[in-house]
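Okay, here's the structure, questions in a sec.
Note that the chains take the letters A, B and C in the order they are written out, and that residue 1 is the start of every chain.
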Amino acid sequence: MTQLIISMIRCATPILLAALGGIICERVGVFNIALEGMMLFGAFFAIYGSYLSGSAWVGALVAMAVCGAVGFIFVELVENLGAEPTITGIGINTLALGMTTYLMKMVFGEGGSISANDRIAGFERVEIPLVKQIPFLGEIFSGYTPLVYITFILVPVLAFWLYRTHMGINLRAVGEEVHAAQAAGLNVNRFRVLGVMGAGMLCGLAGAHLSLGYVTLFSENMTNGRGFFAYVAVVFGKADPVSVMIAALVFGLADTLSTKVQGNGIPSSLVLMLPYVVTILALMVRSTVAKGEKKHFHINLTKEAKE
Amino acid sequence: MNEIIKLEKIEKHFGNVYANKDINLTIMRGDVHSIVGENGAGKSTLMNILYGMVSPDAGNIYYEGKKIEIKSPHDAIALGIGMVHQHFMLVPSFTVMENIVLGLPPRGEKIWRPERFRSEITAIMNDFGLQVDLDTRIENLSVGMKQRVEILKILYRGARVIILDEPTAILTPQETQELFSTIRLLIRNDHTVIFISHKLREVMEISDKISALRDGVLIDTVKREDVSAKDVAYMMIGRELEPLQRTGMDGEKEICLQVADLKAGDTTHAAIENISFCLHKGEILGVAGVEGNGQSTLVDTIVGALGTDSGNIVFDGEDITDCSIGERMEKGIGHIPEDRMTEGLALPLSAEKNLILGIQRKEPIRKKGRINWKEAERISEELIQAFSVKIKSRKESVANLSGGNMQKIVVARELNREPKLVIACQPTRGVDIGSSKYIRECLLEVKKKGGSVLLVSADLDEIQELSDRIIVMYDGRISGILEAQEATEVKLGELMFGRG
Amino acid sequence: MKKRLAVLLATAMVLSMALTGCGSGGKEKTDAGKGEIQGTSEEAKAENQETETPKESEGSELKVAFITPQSTGDNGPVDDIMMAIDKVKADFGIEVQVVEALDTTDQEDAVRSFAAENYDVIFTLFQQFVEPVRKIAPEYPDTKFVLIYATDDFGMDNVVAYAYDAWETSYAAGVLAASMSESGILGNVVGYEDDTIVANSNAFLEGAKTVNPDATVKRINAASFEDPAKGKEVGGQLIADGADVIFTDAARTSLGVIEAAKEADGDVFIIGDNADHSALAPSSVIGDNIYGYGNTLYNQISDIVEGKFTKGVIVCSVGNSISVLQTYDNFGSDGASDELKDKYAAAVEATNQVIEKIKNGEVKVEKDTTAN
């Protein structure tokens, strides 16, 4: 049981961290499916930063900086140059896969993975002194790498920021009703650019967690779809940090179960569908709920050609 | 009284079309200054320039005698100019208070503490009679309430000049009266109101000054007491407007459409229940009500776009409850849909193709399984002539037409099939006065020929002007059926809110 | 503006695809090679039909190509072959052209292009190439086609397929694992489940049982060959369940399993797959199950250089020394106790004896594909 919970938290963390970035994008009204690519960039540059500096933290900062820049490019293309967000997102994802693989071969001269390099420092596990001694909880709450704690601390922080600060309220207005935000004199473009850059930084951190915290290595396409799960978590959680956290934990649980249940006479192929089945169910539940909530009153004034 | 805003030689063009040309306008402090004009006359552009949403190509703006530049709504707000847009600029999931405070400088505080603002906002509410619950979410408010929030919002930002863009278009008569009393309170408190409208009656009721725009040019600015409604109409459209010639109903009362105990609704249609009424031949039956109270559902069940849960619809003696849209058309039901852009027309297609839609599979357009383009040309040219659609050629895409001309195409097509029943939904919404009048005449013509019209409109004037009887809908039910004579505005307004 | 942007995006995407597709580094001249070959394929084909150039097959004149459906650097089959290619160059002075043909559509093109360029030998990897070769081989009788990892006998003089009885080495791996295990609980992490992989898993258990009749194997399908994080999770899970030796068949996913073993509290050992993993964790990696893809290529080229070529299907096994269970003399070089090193030496000794028995037929390993 404890093992299951620990494993669930570990599996959920990279998804959740990227999803927190996804929340910001959603809240500023930018459709971003480039989470996956940003995460992959993050994973590589975290390793590279750690390799150059010998510090995992520097690695994480490098990852954040690079992904912030990628976020900037993405949002500039989409918002200010009128690029189609889906295609741009796919472009970034493809670019991330190609570029990280290429850079890996250039910088490290290796093929599909970098590992066991003495110069690469990963994150150490954190044992929380007092909590550790508590029987059941100690096991669950202690012994993760630092970014796991940071991720779960970020959830209430982000929620507070979105719902209880001026900036957060303004940001939500931008995403929900851009005309209202404009009319209120908010600089919509600035919110979007900074928001997506922030999202990029969180994805960078998610990548750093994957390559320096979860494991200490980089390999081609190591995000393996986690960014897409993150996006689904955002949709499922309606971009609310706590709900998204729950969604990410559900995915983490499904992921864990998909391997835990194996070997008990159930064909693995069946069990392995679990995360995907959960995803589809989640989306179905979500859309049903959304339908029920829909107001029966909607005024659709004919939009006349405004002169 | 002194001047607060002066616009001098304002010019703005989009492409090679002038939206505003050489406009000189002075607004006096404490006035209700109406700007009237037809759609496309340049009212909105002018106001957007004043509010900093559009920058003029030429001209100067003076505020209290000082020359200023308004580059963004931000600048306008800072000057004390606020605008209530036709489409509300509110965030649905936010509370009233959050919407009012949105975008204000945080006054050095980063944490959101709405309570700090409450007393100030309450004071304004009390001063101007704009009561609204500050903790309700916008999505749960009525249209009139939302408008209040908009006004509160700009007042809280210190607006002294308030621009109201077509504020009454979506209000019930009662709500309109409430708005007018607010406007009067504003004026009493030394505010200035710029009122944009094309409803002459309202303009005559509330204004101190009236400026009329036509084709981007300011025709004249007059004092209200110096002119009549007819004069203003003349300024707007540049010609006299004859009143509609109404005829009463003929003696015989044969039933055209009978709806009995109808129940319908789904996720995109507001539920309706217990709907029973009949429509006679040679009658125009108006359907009034605040939008979203089931009118669209009713229309969709009658034209066949939505199935019924129970009840039946009898048309011309025949139960058509289970007939398809096509079969109903075939039997003689014409439909002028609410939204001409999405439902009424195939926008990219030419006027000709749009005009023959629905009859393309019948003689004489259809000939040996193909379309007889000669015939199509004859019919479409005829209709364009008859309805005086302003269009370069019948081959022109309808997307290029103005709202009024688009609507004329829809009406022409539907009436050309000589339906026994015309279901007209918001037939003149967003249509200029001239075309509106023409379309209304067409509906009266249908009636005169013994056809029936079900007229669904949010424009009470239109309903009262045309209908023989009026159904009022509220919350998916019929809250009352009135004869035209007894349908006063007050009575209708009460029924629209489910009272009475 | 929009148009420029579209061009920019398109360029970025094409660039990135090129990078993913042909990113095998500079030394094999892949990018240039591929483009050139594809570009001239039609003319070259025509040329070939007109002038039947006599074949020269001596030493460095030999033109050899290798087409891989997955990218290099997989810590598995492709890397194994890449090492053999280096060796071929050193020993015979033959440069092997390497092309990554990741899409099914590219694969047939690649085969045809090399054949049209009069290549003497074309190596392909995995099942994807069976059909293209079946189609193209008859048109180019002078080119030899070598299918690595296929079981089909085309009956053509210029085609040979290599099949792998990897369960033999898996059986030996079971012996090694059980000899090192304290708990008798063994783990098996796979990236996919097909007949061969399941057969390996079953043979692994059989081998283990010869040492410890109570041994059990817990197999987990990680459903990916390229997810080290998942590998680590699954590895950790197996370790938590008591497994102290884990046998992997999961390419890059294995890297995570190795990390999990390294970080485990007690001694946990790994038998990896298709590449030398010992450098990653000298005290954890006790062996690697090498199917022998690299050996196949090396042996085949050396045969051809000597003028030998056998058509049909060649089964690689412990018997012909192509498939091997690689063990490491420098085990524990990063500070394992002497006790442990001794234990390992004994385990390797026992394993080698079993391998000898398999070779001389004393022990027969069946292909058992029943999934549990």
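Structural remarks
To be clear about the criterion, a residue touches a chain if its C-beta (ideal position, glycine included) is under 8 Å from a C-beta of that chain, and two chains touch if they have at least 3 such contacts.
Since this is a predicted model, take the numbers as computed values, not measurements.
Chains touching both chain B and chain C: A.
Two chain pairs, A-C and A-B, are compared here, and A-C has more C-beta pairs in contact (counted per touch definition above). Once the centre of each chain is set as its mean CA position, chain B and chain C turn out to be 72 Å apart.
Chain geometry summary: the mean Cα position of chain A and that of chain C are 34 Å apart. Taking the mean of the C-alpha atoms as each chain's centre, chain A and chain B sit 45 Å apart. Those residues of chain A that touch chain B in the complex are listed here as 163-170, 172-173, 176-177, 179-186, 291, 294-307. Within the complex formed with chain A, the residues of chain B that make contact are 14, 19, 39-40, 42, 44-45, 72-74, 77, 83, 85-94, 98-99, 102-104, 106, 109-112, 139, 143, 153, 169-170, 265, 267-271, 291-292, 338-341, 402-403, 426, 429-430.
Contacts from chain C toward chain A in the complex involve residues 1-2, 5-6, 9, 12-13, 15-20, 23-25, 71-75, 78-79, 82, 193, 218-224, 226-234, 236-237, 240, 252, 255-256, 259, 279-281, 371-372.
Listed in rising order, the residues of chain A touching chain C in the complex are 3, 7, 10-11, 14, 77, 81-83, 87-88, 90-91, 94-99, 101-102, 104-105, 109-113, 115-116, 210, 214-217, 219-222, 224, 255-256, 258-260, 262-263, 265, 267-269, 272.
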